[in-house]
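The structure is given below, and queries will be raised subsequently.
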Amino acid sequence: MSVENLDTINWNMPETDTIASESSPIVRINELNVHVKDHHILKNINLEIPKNQITVLLGASGCGKTTLLKCMNRLTDLYKELKVTGNIFIEEDDILNTSTNIPTIRQKMGLLSQRPYPLPVSIYKNVAYGIKLKGIRVKNLIDYSVEKNLKEVGLWDEVKNRLNSPATSLSIGQQQRLCLARGLAVKPRIILADEPTSALDPISSKIIENQFKVLKKHYTIILVTHVLRQAVRLADNVVFMHDGRIIEQGKPDELFKNPQTEELKNYLVEGN
Amino acid sequence: MHFRRRIVDKISGFWMVTTMVTILLMPVIIGVGLYIKAQPLFEHNSVWDLISSSDWSPSKGKFGFWPFIAGSLYVTIFSFLFAAPICLFAAIHLTQFSSKRLVQIMYPVIDVLAGLPSVIYGVWGILVIVPLVSNFLAPIFNTSSSGYSIFAGGIVLSVMCIPYMLNMLIEVFNTVPVGLKEAALSLGATQWESVKHVVIRKSYPGIISAFGLGIAKAFGETIAVMMVVGNSVMSSHNPFDAGYPLPALIANNYGEMMSIPMYDSALMFAALLLLVIILAINLVFRYFIHKTQKQ
Amino acid sequence: MNRLKQIEEKIFRIISGFAAYSLIAILIYIIAIIFIKGFNALSLDMITKTPQGGYYYGGEGGVLNAIVGSLYISIGATVIAVIIGAPAALYLNVHMIKLKRTQNTVRYLLDALWGIPSIVYGSFGFTLMLFLGMNASLLAGIITVALLVTPIMVRTFDEVLSTIPKGLHEASLALGSTRTETAYKVLFKQGFSGFITAILLSFGRGIGDAASVLFTAGYTDLIPVNLDEPAATLPLAIFFQLGSPIPEVRERAFASAAILTIIILIISLGARFLAKKYSKSNLK
């Protein structure tokens, strides 16, 4: 296979329009509850997340946003003390009660965490990691995908001459973009971003935010943040959480202009 | 400030510095002390000759340490081969897979294993491992053995080194950030793949160091090994034959060392050799560990 | 592909689980063997009598001499280790608090010192003994074991001291305390759990170590009364009795091993318990 005709396959882009209609939600959460011993961390979460939009989970730290995010790709499995009940449908597949292989489910989602965690290998191998896990071994294909995804996050020109140097040699901002590229390389439908700019300088944050605006054409983005301004800048939908519950949700303009609950009012006052 | 308080502060400060400096100089003092006692030996033999020669006949004034060094290496390698995989996998299980409850149970288990005296391991070795080797293992390999052998020494030593290495490995694995594991998982790795590709790779220097320090510990262990290893110079490379490691040589001959000329010097040289080798291994690998912990 | 991965995952989970549980099994196995063998010959005489005439041919008596000798040596060594080690640990955490690099270097050297095997300490103790013109005696044993356990004392105590928040002793200095007062009144109190652990760990190590006392403490059937008399120790009692061709004596070696194991179990579990108890009463 030559590199030229790879482009015609367009294998890196998820086939967004063919699978379901624009209107149906890509994630549907039904009666989700999470307990740790006596603590009730997430309480009766019901939520639908629309496709190809940026949905922002907003709330003070400790309100359960990150746990909710981690439920969606079952990273909660890592914490044995967590008890998760309910349903999370991702493209009609109930991922909490499924026979499908968990790694396959996780590959539907790219994760961006609070701090960049580059794998302890080279820049190239970081991006190639997920592709190889899918069983793809063709060198050309991997090369192509690495380049394409690094370009997509605007990192290619900065690293193309040192693809084999360790990923930790990059700056924090570059590392976070590398993590984004790495996540995109497995062709996810959804990007889960857990306060992805909290460790970054303003310029790197700006780059990431701008990339999100571009990426939402092809991906559904779920962004956890406690920064109100970021929510205003990016959100198509806002889900406001407080103490393990979803308090309010809606379009950002309406929600922030007309908060219905005391919790959100307080948050808006303190958040500014 | 009150005069008396200042004096107390001065005196105590002085004592603190003195103790600290003394403790840190300890290896040097020990080294010099042993060197002075071993000195007469160097008048007739070069250090290299002493280490590389195999001729051991104290009554003729011939001291070749190679058979004992080789014995030590042999036992140590065996113990490492037994202990390393168990430690590695147990540490992986305890830090990556297992429930918190098992970890809670394991800490006292490791504590007690580490705290049991060498001589107890020796007794256990004589009661369990020596018969096991002579009645069961040696026949499998088509040889006969009294049981008091390099192999038995290796097994007993490995059990003694396990808590020591395991503790270090657990610490090493715990410094790998959870986020890194989550990153690998979110890219579609199975749990084991995340361990294999990320946790182990990230801990590489730490794992090597823990192994190195385990080897150093095994190399200097005395009583337990001496009780099961047979204490006669190796005549073959058969691990089911007896061996004679360096620490056992020292401990076994203290009684007669004053009766043969230069014998005491020779034994002190053996101790000096152990000190230098083990201190060197410790300094190198501890350096790695300290470096990774600071990151 | 996926099936293969799942199988690989299963296999390695089983292997690692097996490795972890095997440690529990090994510990139980060791202790069970020692106890089963030891309790046969264990009697009140063993712990209340010194060896009588003909003891080493299967005659009457016990290993009280060795128990007492071990306790003497271990207590003496721990006391010396406290006098030398505790101030050093406090110095490391009070006076050197601003010198992060030096602190790290000292900890690094202490860790390396911990790795020196006891036979080397024993050999050095022996040369020191000859140098000072002493005989194998209680005192020589105590000094040698003290050398062995001091690094343990410093590093264990230090481990807890280093976790004490820096603000606490800055506050103490700000109130006008001298550094010595800060060290002994504030840090020592806060790190008391570490101090207890350090003492018990040193004590346990001292009581169980054989290679260091082999040259230096000598061996006797009598309970030592003076520091310049030789002293028997429990590990050596086990070792010597085990070398006997007479079955009764070997049986007693196993009984002595059971006694030593019980002492060590009490110490290690006690250390855990006390450390927990005292660290609870700390302010966080």
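Just so it is clear, A, B and C label the chains in written order, and each chain counts residues from 1 on its own.
To be clear about the criterion, a contact is a pair of C-beta atoms (placed from the backbone, for glycine too) under 8 Å apart; a residue touches a chain by one contact, two chains touch by 3 or more.
Note that the structure is a prediction, hence the values are computed from the model and not measured.
Visitor: Relative to subunit A, which chain has the most distant C-alpha mean position?
Guide: If we average the C-alpha coordinates per chain, C ends up farthest from subunit A.
Visitor: Central chain, going by Cα centroids?
Guide: So the chain nearest the centre of the shown protein is B.
Visitor: Using mean CA coordinates as chain centres, what's the gap between subunit B and subunit C in Å?
Guide: The separation of the two C-alpha centroids amounts to 17 Å.
Visitor: Between subunit A and subunit C, what is the gap in Å from one C-alpha centre to the other?
Guide: Comparing mean C-alpha positions, subunit C is 52 Å from subunit A.
Visitor: Centre to centre, by mean C-alpha position, how many angstrom separate subunit A and subunit B?
Guide: So the centroids are 48 Å from each other.
Visitor: For subunit A, which residues are shared contacts with two or more other chains?
Guide: 103-104
Visitor: If a residue has to touch 2 or more other chains to count, which residues of subunit B qualify?
Guide: Within subunit B, residues 190, 193 contact more than one other chain.
Visitor: For subunit C, which residues are shared contacts with two or more other chains?
Guide: Within subunit C, the residues that touch at least two other chains are 5-6.
Visitor: Which part of subunit B faces subunit A closely enough to touch in the complex?
Guide: 99-100, 177-190, 193, 197-198, 201-202
Visitor: Quick one: which bits of subunit B touch subunit C in the complex? Just the residue numbers, please.
Guide: 1, 5-6, 8-9, 12-13, 15-17, 19-20, 22-24, 26-27, 30, 33-34, 36-37, 85-90, 92-94, 96-98, 102, 105-106, 108-113, 115-124, 126-128, 159, 162-163, 166, 190-193, 195, 213, 216-217, 219-223, 227, 247, 250-251, 254, 267-268, 270-271, 274-275, 278-279, 281-283, 286-287, 289-290, 294
Visitor: Mind pulling up the subunit A residues that touch subunit B in the complex?
Guide: Residues 70, 73, 75, 78, 80-81, 102-104, 106-107, 109-111, 113-115, 117, 119-121, 129-130, 133-134, 179, 182-183, 186, 192.
Visitor: Name, in rising order, each residue of subunit C that touches subunit A in their complex.
Guide: 1-2, 5-6
Visitor: Under the stated contact criterion, what part of subunit A meets subunit C in this complex?
Guide: For subunit A paired with subunit C, touching residues are 101, 103-104, 135.
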